[in-house]
Amino acid sequence: MTNLSDFTPNEMMTIAAARALSNDDVCFVGIGAPSAACNVARLTHAPDITLIYESGTIGTAPNVLPLSIGDGELCETAVTTVSVPEMFRYWLQGGRISIGFLGAAQLDRFGNINTTVIGDYHKPKVRLPGGGGAPEIASSCKQVFITMKQATRGMVEKIDFYTSFGHGEGGNHRERLGIKTKGPTLLITDLAIWKPDPETKEFTVVSMHRGVTRDKVQETCGWKARFSDRLEETPPPSELELTTLRELQARTEKAHGGKKGN
Amino acid sequence: MAKFQSLKEAVAENLRDGDVVAFEGFTHLIPHAAAHEAIRQGRKDLTLIRMTPDIVYDQMIGMGLAKKVIFSYAGNPGVGLLRRMRDAIENSWPRGIETEEHSHASMANAYEAGAAGLPCAVFRGYRGAGLKEVNPNIRSVTCPFTGEELAAVPAHRPDVAFVHAQKANRRGDVLVEGIIGVQKEAVLAAKRSVVTVEEIVEDFDDLHPNLCILPHWTVTSIVHVPGGAHPSYTHGYYDRDNAAYLEWDKISADRDLFSAWIKENVLEVGPEAFAGRVKGL
Amino acid sequence: MAKFQSLKEAVAENLRDGDVVAFEGFTHLIPHAAAHEAIRQGRKDLTLIRMTPDIVYDQMIGMGLAKKVIFSYAGNPGVGLLRRMRDAIENSWPRGIETEEHSHASMANAYEAGAAGLPCAVFRGYRGAGLKEVNPNIRSVTCPFTGEELAAVPAHRPDVAFVHAQKANRRGDVLVEGIIGVQKEAVLAAKRSVVTVEEIVEDFDDLHPNLCILPHWTVTSIVHVPGGAHPSYTHGYYDRDNAAYLEWDKISADRDLFSAWIKENVLEVGPEAFAGRVKGL
Amino acid sequence: MTNLSDFTPNEMMTIAAARALSNDDVCFVGIGAPSAACNVARLTHAPDITLIYESGTIGTAPNVLPLSIGDGELCETAVTTVSVPEMFRYWLQGGRISIGFLGAAQLDRFGNINTTVIGDYHKPKVRLPGGGGAPEIASSCKQVFITMKQATRGMVEKIDFYTSFGHGEGGNHRERLGIKTKGPTLLITDLAIWKPDPETKEFTVVSMHRGVTRDKVQETCGWKARFSDRLEETPPPSELELTTLRELQARTEKAHGGKKGN
């Protein structure tokens, strides 16, 4: 039986993200925590959720987590698989995605994200992979959920590069740029759940995971963290949630560890 | 009109020093065998286009074939960074490379526009994003009906496109299935195209009418290379070699290890090695 | 999220007086049964979009449902002219209609742009053509890289699209196959969509991954109407009723003959009549 | 056995058009004479010719002539069938078509075509079907072939509406509009074969069908017809050509005459 008391912060993050998803959602899924969260949601409370990976696979139901955005199982279990231009034109730009997931190398308090470079763009200290789908995921999905592990290196006062636009300088900055979608509405970390303030759009801690203190949240965050007046404790993983996640990861481990080319 | 050739001939005839070239395949069907042949033939000063440069371009960049890379995500999918590409960008080893960076949406639209014979792609993109400040090839047009400002980027029109596919028939028609990516667009956008295939069959008689097929008169050269996508995969033939992607992270971390790997696995072997690599996958 | 409904309910809930509506199907899969239901329910002041208005719009126009038609080819395919549409344009019978005329390329691009969520379509078109002098919705944008002037037209964003398809599964996913036309684009471009199908099956388990499928959450309403494309055809189910198209030329030539035909074949029957009409085809 | 001496002018027109096609051509085919010509070419000297119909069917080989541009047999015998937006974007606009066929209700000496209205556009005497694919076929195909029966009503001094652009006012008018394709390079009628003058781009009779006189050509043409200095006689249909065409039409008649709905 699952030991409910020893869940990890990562597990809590994934499960908290899964809970934020519903049966009617159409999710643009990235690899890693978002993929785990979406599939836990599908295997628990949201069996009819639609998962889309940018490789063109629409309505997939993988039995194990994909290692890449275009694993064969995503196609095999999909309702349909379309070309990548169609994916970005009809499905993402067409406004059909309710929730897009983004991760971040650097994140600021307004949900702006950098995954491009550390340092100057033209003379980078570290050349990161870049945006991929992120710039348009950030503007075309109805809402954006961000998942990341808290660290002062990642949650910074000022990001080095605007890979994707969150709430900019806050307030109605999105509207001023003619962006009609809501942008980041949820930040789920290994320590807490954050939501943008309705007015300023600054991320505010609305719930801390069990055992997490305000100090811990602040120590791992590079900006001065704001806490909601009605701060809650995130309900710990249920047995179903934790078992589902762990079994999914065990199946994934087994499936991907096995085969190797000559 | 598609010619059936050896990989050596196909690369020699179609890829020239200084060419703008796309090796495409979105996770699936990445034409590794063709890229290795380009490395063996020592092409120079290439402009490499690819949404996800991936380890296939990491190898070409590491061997100094590229002068420029046009891309949207420079990672080893599911693993991490591209260490040879970083070494070229950060330390100019083995040579400096120029980069032109886009988003996936932009790259996909640019291929689409290339296939459609247009000079540029028009889409809703880059709102508030930093790339449009650093990439002069991201511009805009204004919708003449609503006044909305839309992003515009030049269409991709490579000199040559390389793709890998499941099969060709004797006439030279090519079938691509599963995750089809941007391959059809890359081939139609390019002046010349080389397709490596797992299998050559007599004909395609019983295919569903709406599959992704490149008619023979849109393809320049067809090469039979079983396993030619390894360590990527071919739907219906073999799975992705995830271990090889993980291993690449170590090999590519060290210049000497990298050079030794290329010598052993690329320079001293030919395309026939690929069939063996996918056994058991 | 697709609802399974009767045709009467689906039309009543989704098509309103004054709507902009597309009944699409390119020769194949034309949703005649749905159009007949719209005639029975007496909708008014519709703006009808369709590449080839065809006899399906000839009937709707002849019954006075349309105030405007946006189109690119107003013929009875393989037969000749559309006599009810001409009577409306030339003699305002039974009422005058406004027309907005495009080329096929323009209409196809406008649907594509609608599905893609863009305000306008951009393409190379109308060079030297007279339509751009008479249609103020044909404008241009300039490529910011080459200076080339490209045509621009507003995207189609109908209030509702009606299409006919081979089958739906119980979840409400829809399969369209064969000549797929602009149906996927019409459905994705529209605010609401009604799909009539030949067959409802339990699931789609063994379909090829790259077929044209509309996921259930892109469709508003699904109606089971066997034969619902007649006299057009459904690939895999029944052939085109060429004789009916020839016959229409005579029926539509005379107002009284037309009215009598509509009374007998549309007003006094229901969608269940279609199944019988395709027997033997 | 085929009676070679009693071929009709229509048959001669179709066969003359078929002869102008080669194995390497990629033809955008319309219904009627073009469809018959393309299929006769395919069944005689050009077995590998690629026929494309705007319904999305690429590389079709129908056993009988289609009655509509989207008959089921076109799809069943095609190499592949694509969506109509793709057809117009990738295949026509993409510059992949070597020869596009056009017919005309009105044609002028420079290959400009009207199939839209007789009379004023806004108050037409006759509302014709309109252009369909013609405006972009005329500009995107490498060459355009026109087929029509000669009549003064159809071959006119001035067309009422520019449905599709041929050589405009002649000379380099296409180039001046930025059109890079050749435009109309061949006009095949029931009486003669016409080609544009290399300089003026005015259609000039280069070959008359057997039994046709200059007077007959002029009587049925609304502009002053020019004749080439090296006027030839069109070789009459060969037995193979005529048999192939007649058998194709007999098969077509049989296939389409038979079935009827209830």
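Just so it is clear, A, B, C and D label the chains in written order, and each chain counts residues from 1 on its own.
Operating definition for what follows: a contact is a pair of C-beta atoms (placed from the backbone, for glycine too) under 8 Å apart; a residue touches a chain by one contact, two chains touch by 3 or more.
Bear in mind that the values here come from a model prediction, so they are computed numbers and not experimental data.
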{"item": "Between subunit C and subunit A, distance of the C-alpha-averaged centres to the nearest whole Å", "value": "40"}
{"item": "Chain centre separation in whole Å, for subunit D relative to subunit C (CA means)", "value": "28"}
{"item": "Distance between chain centroids, defined by C-alpha means - subunit A, subunit D (Å)", "value": "57"}
{"item": "Touching two or more other chains - residue numbers and ranges from subunit C", "value": "112, 116-118, 123-124, 148, 178, 180, 184-185, 209-212, 235"}
{"item": "Multi-chain contact sites of subunit A, meaning residues that touch two or more partners", "value": "75, 81-82, 89, 93, 140"}
{"item": "Chain-level touch network, classified as line, ring, star, complete or other", "value": "other"}
{"item": "Contact pairs between chains, per stated definition", "value": "A-B, A-C, B-C, B-D, C-D"}
{"item": "List of subunit B residues in touch with subunit D within their complex", "value": "1, 112, 115-118, 173, 184-185, 188, 204, 209-213, 215, 217-218"}
{"item": "Residue numbers on subunit D that touch subunit B, as the complex places them", "value": "24, 26, 50, 58-59, 75-76, 78-82, 89-90, 93-96, 140"}
{"item": "Subunit D - residues contacting subunit C, complex", "value": "31, 54-57, 66-72, 74-75, 81-85, 87-89, 92-93, 116, 121-122, 124, 126-136, 138-140, 161-165, 168, 173-174, 177-179, 256, 259-262"}
{"item": "Of all residues in subunit C, those that touch subunit D in their complex", "value": "26-28, 51-52, 71-75, 77-78, 81-82, 85-86, 89-90, 101, 103-105, 108-109, 111-112, 123-131, 134, 148-149, 178-182, 184-185, 212, 230-231, 233, 235, 239-245, 276-281"}
{"item": "List of subunit C residues in touch with subunit B within their complex", "value": "116-120, 122-124, 137, 139-146, 148, 150, 152, 154, 177-178, 180, 208-212, 235"}
